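See the structures that follow.
In the two complexes below, subunit A is the common chain; its partner is subunit B in one and subunit C in the other.
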Partner chain A sequence: MDVRNLQKPLASIVSAGLSKFGKLEGFSIREIFALAAREAFDNCPNLDVKKDVKALFIGHMIEGSEHQGQTGPLACDWIGLPEIPSFRFESACASSGSALRNGIFSIMSGLFDVVIIGGVERLTHLAVSEATEYLASSADYAFEQWHGFTFPALFASIARAHMYKYGTKEEHLAMVAVKNHSHGAKNPKAHIQKEISIDKVMESRVVASPLKLYDCSLISDGASCLVLTNPKIARKFTDSPVNIIGSGQAGDTIGIYQRGDLSTLDASARAAAQAYKMAGVKPEDINLAEVHDCFTIAEILAYEALGFCKRGDGKNLLEEKETCIDGCIPVNTSGGLKSKGHPVGATGAAQACEIFLQLTNQADKRQVSKAELGLTHNMGGTGSTAIVHIYRRG
Partner chain B sequence: MDVRNLQKPLASIVSAGLSKFGKLEGFSIREIFALAAREAFDNCPNLDVKKDVKALFIGHMIEGSEHQGQTGPLACDWIGLPEIPSFRFESACASSGSALRNGIFSIMSGLFDVVIIGGVERLTHLAVSEATEYLASSADYAFEQWHGFTFPALFASIARAHMYKYGTKEEHLAMVAVKNHSHGAKNPKAHIQKEISIDKVMESRVVASPLKLYDCSLISDGASCLVLTNPKIARKFTDSPVNIIGSGQAGDTIGIYQRGDLSTLDASARAAAQAYKMAGVKPEDINLAEVHDCFTIAEILAYEALGFCKRGDGKNLLEEKETCIDGCIPVNTSGGLKSKGHPVGATGAAQACEIFLQLTNQADKRQVSKAELGLTHNMGGTGSTAIVHIYRRG
Partner chain C sequence: MTKKQDIKNASTVGGDIEDFTRDENGNIYPTIENFYRFCSERKLMGIKCKECGNILAPPKMSCSKYDSYKFDWITLKGKGKLLTYSIVHVAPTDFQAIAPYIVGIVELEEGPKLPGIVKLKKVEDIKIGMDLVTDFEKTSIESWVGNTRYYFKQP
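The block that comes next holds the complex of A and B.
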């Protein structure tokens, strides 16, 4: 199919910036976001920041870690744009996916022509017990958290259900970690840039069986920023815009205890169906994807929810290495949440940054060849928020 | 002027619901929001909730008070709509003003025809010191909060600046409290439904001089909900929709220490100018307004920022009782944050609820006569977020 003749784009990305992901010692929330915004602005010399940028949509999950709310005005202030309107989104780990989606609404409304989408989080200064408590707030406090159901334990339950139903093995989970670390080793912004082995994963200490340390994504600081425009004026800012042609979102119960089937990400499947329909494409048309691998099992479930394989067949894609950079559907070329890192509020927009880099041939050592169509899949909590976007080379 | 021939509406409100504001003992966040949503749904018998409602935009400031994030899916789950997409907004006390504005974007984008706008907060279970700490997170932690600059102290500084520059007196501040309590006494949903005297305010204990206890808004639990539709289909749901015809928003520095003039709400003035321009109306055309009286001084500054009087003349409106229900520009007929109460995340959408009730002649004992055009003014922090909407009887 000629993907250039599909649906009308909803909005265009004309620039992207990312802070280094990892332990950003000595930087506060406002300063971390400014690193990403500065890179996005520097990468877009035709953008007159003070004149063109009309609003900020920013994702940030954990205000408590700095006793600081109003991330919107805080961030605008620190990038020299205190007068513009701003909005902070919190959808747990899908916070900046939410920001992106609402930024798209605002462009489509015709009220704004150029906005910036951001995401930011600071986690590494917290004790592990504090970070665990904050992150658990994305699940159901009354009926899950309070009873000691930590976030890794929730995904461990999901993993067990999938293993029982489809024969997925711990080694398959490990393959996700090994693949994503091999991708992240090629990404200079990634939190951990080193390859690991299946043995290393299998021998790592148990966090919540069957999930071990190397099945879990990283606790990182970091920020992301996109410059989003009306598609009609995108070429004023760059010769190589990336158009967003599909946007889908669905919800699910806040707790997993109410769900009929733990072995699937139902909201993700519904969000993907919406996005594919809007974009007029099918799963097999997608050339690469960034998916929400908060735990290795989540990436396998994402393959199935996004239609990259049938339900239960996620393990086959891994055995056949089809989701590696040179496979038929490369997934998480950035390294994913697993190796690039997971500063939760920044993750959704950071996924879009990677797709932007790939579709504009700027991904250097991890560049996928001939990519025209990309997809991002961002989740909040145990999949109670799922957001899917589809992108086309402009 | 014939206000029926103005700009095309952006979106329409077809129903509204409000929980009782006050101490809602035994109700959690999810349950409080369900009270408001249930009322909005019950008030709109033509709405097929499961079929029609496509998304929730909800404001909620303080997730920490229940260790519970993802207010979006949490609220959707509890009102029987777990599958719809949802977005949580945090802009301090302007959280549900933000939600309303983004809901409007989504309607204008054409992607949704019917959405619900919500706001919720639970505060009364907190100790005063805890509530003070949480509320202070809307100011600048590093350069204000940490140094002991509480939220009342910030507005006390603003009050002092206004008193010094314009001769506003403590008695003028007290007049705001007296007026809003007299309005709130007529509102069965209000937190405190009793009239007070100037003496009562003047004799109340000092919180941060010149602000005394009765100059401060209330710490309340509560929730608000609006059903928002594409104007083209509004009459499918009600014979008396209220159209939103103007929307403006501006930002300011997160801290007041960077501002040139403490005696004015600069972002509010800029947000109002945008909304008036979009609506094609002037301040003198507005028949009633709900403004952000987090402290009495803030209402006086709002009069001036919204153009209801010249700068420094706010006190004259009060002396002449022009902002009482039977004055030329009734302000805070609901009782405002001062008497109706201030469950912070719920406030912005609750202001729109009051305008909806007034413009549809449902405000009972506090009904303003012949109101065609209403306005809401919602602020976050010390005015670092300011959101203004203009409404017309449909």
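The block that comes next holds the complex of A and C.
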């Protein structure tokens, strides 16, 4: 992508759909995706699905959990489009962020004018130990897991480094959980729609110190779906499209131990810088964001990497409640991975779904007023993949 | 030279491989398998880039600083400082017998950083910045050749 495209939207979202997130008993991967796709299609009466949809870009991490491969054709087949080309992306929890970014590329290339972006994951039918082992495979098995690091222990080590350097406290981590649960309580699609207290977080059992049970996101089933079009034809499908105006992606070492500064998410900062430059906007222009709160510490690190505050100052935004729905920069109005849930492959596109709902005034009880610009931040593994997108009300 | 059959055995049954995997000139490949083979001989080894002198541990197939894949293996002193840590309470199946246990990231004197288990006489002595040294232990988990892991302890 070229900076010359600065003022031109890259692509437009004209519809979005989400399955319920949580334990979706009785549904297999292809059916969970079909729930999300059906909602996206139903919400877009002007879309002639069979005629208009030219390709599927789908994020999915754990293919082995159903002895089933070929997620792309599988998903297309079960939504009545077995003949269209499909592309499956795997970058752990950033899988559908990758799918979205590549779907945008396909629109920009001119090859397709209407595509669907999907994400899907089914995790709750696995034993918890099995699910966590699959998820941990996004880190460096040979040096982290084999040496006793669990996935929470990796983010716990990052948290400890941040606390040591900047004086962030466990109470600040708890504030992230409390906020996101209060947002998720307003989201009918959320896995856990329940408010919690600081005490509840602080008293929850230690998973990997300093992280406790309520610092961790949820193991959920779920799917997400977006209808993405060339901006020139977006109004054929809706009066209120949402334009994607910036896209950035960066990488980092697979293991956290190799990184220069353990208290930052460097790839996220670099991905954000790309997206801001392409969109021609600054962090202070952003009205709301969905960030990758796989653990509470990750949301604080995201504030800093995305430039919502200076490094080390993430705790101040929480103390001043600036990231609540009525704050100056509401973050994770959907409830985030913490409360809405984290069906890993579905998460990136689900973040875009929330921004779409917010920028088209469809977020109901959690609606942010007068939002023009939104941002999503999606991470894979311990931040070895970071993807940032910026959206403008169309 | 190691026969292909031996390599296959090594990845399925730890400890069965007879020798290091080497290139046509007899140089030991900078692989993870070979790194852990050195561990099973109680040696913490890194590699030094022949072009820029950068030291890598664990070894990689290419230098991270210079576009080079020519290295010498070097012995690391195994001394370093604790950068960060976590105490794992909810442990994977293979580690439940020792939970809660400490994992940490240690910056070695030679520069590289390694993650590993930290064993202290008193858990409450854990402190960022503390001096640690490397030791080795054979594990019951069948994984890398020799099933030997380095870990960190107080000097």
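Everything that follows uses one rule, which is that the second predicted complex is superposed on the first by the 388 of 394 C-alpha atoms of A that agree within 3 Å, B and C clash if a C-alpha of one lies under 4 Å from a C-alpha of the other, contacts with A are read in each partner's own complex, and residues count from 1 in each chain.
Here is the rule we use: contacts are C-beta pairs under 8 Å (C-beta built on N, C-alpha and C of every residue); 3 or more make two chains touch, one makes a residue touch a chain.
Keep in mind it's a predicted model, so treat the numbers as computed, not measured.
Peer 1: By the touch definition at the top of the document, which applies to A:M108: first (subunit B), second (subunit C), both, or neither?
Peer 2: First partner only.
Peer 1: Classify the contacts of A:F149 with the two partner chains as first (subunit B alone), second (subunit C alone), both, or neither.
Peer 2: second
Peer 1: Just to be sure I read the superposition right, which of the two partners does A:S197 touch: subunit B = first, subunit C = second, or both, or neither?
Peer 2: neither
Peer 1: On the A-aligned overlay, A:Y257 touches which partner chain: subunit B = first, subunit C = second, or both, or neither?
Peer 2: A:Y257 contacts subunit C only, not subunit B.
Peer 1: For A:S86 in the superposed arrangement: first (subunit B), second (subunit C), both or neither?
Peer 2: first
Peer 1: Let me test your reading of the model: by the given contact rule, A:S209 touches which partner, first (subunit B), second (subunit C), both or neither?
Peer 2: second
Peer 1: Taking the superposition on A as described, I'd like to know which of subunit B and subunit C A:S157 touches: first, second, both or neither.
Peer 2: Second partner only.
Peer 1: Kindly classify A:E133 by the partners it touches after superposition: subunit B alone (first), subunit C alone (second), both, or neither?
Peer 2: Both partners, subunit B and subunit C.
Peer 1: Counting only touches as set out at the top, which of subunit B and subunit C does A:Q362 meet: first, second, both, neither?
Peer 2: Neither subunit B nor subunit C is touched by A:Q362.
Peer 1: After superposing on the shared chain, does subunit C or subunit B touch more subunit A residues?
Peer 2: Between subunit B and subunit C, the winner on subunit A residue contacts is B.
Peer 1: Kindly list the residues of subunit A that each of subunit B and subunit C touches, one partner per complex.
Peer 2: Looking at subunit A, the two contact sets intersect at 133, 136, 142, 145, 255, 258.
Peer 1: Spell out the residues on subunit A that touch subunit C in their complex, using ranges where they run on.
Peer 2: 129, 132-133, 136, 142-150, 152-153, 156-158, 160-161, 164, 205-211, 255-258, 262
Peer 1: Which part of subunit C faces subunit A closely enough to touch in the complex?
Peer 2: On the subunit C side, the touching residues are 32, 58, 83-93, 95, 98, 100-101, 103-105, 113-117, 128, 141, 143-144, 149, 151.
Peer 1: In the complex of these two chains, what residues of subunit B are touching subunit A?
Peer 2: It is residues 28, 55, 61, 63-64, 66-74, 76-77, 81-92, 98, 101-102, 104-106, 108-111, 133, 136-138, 140-142, 145, 247, 249-255, 258, 267, 270-271, 380-381, 384-385, 387 of subunit B that touch subunit A.
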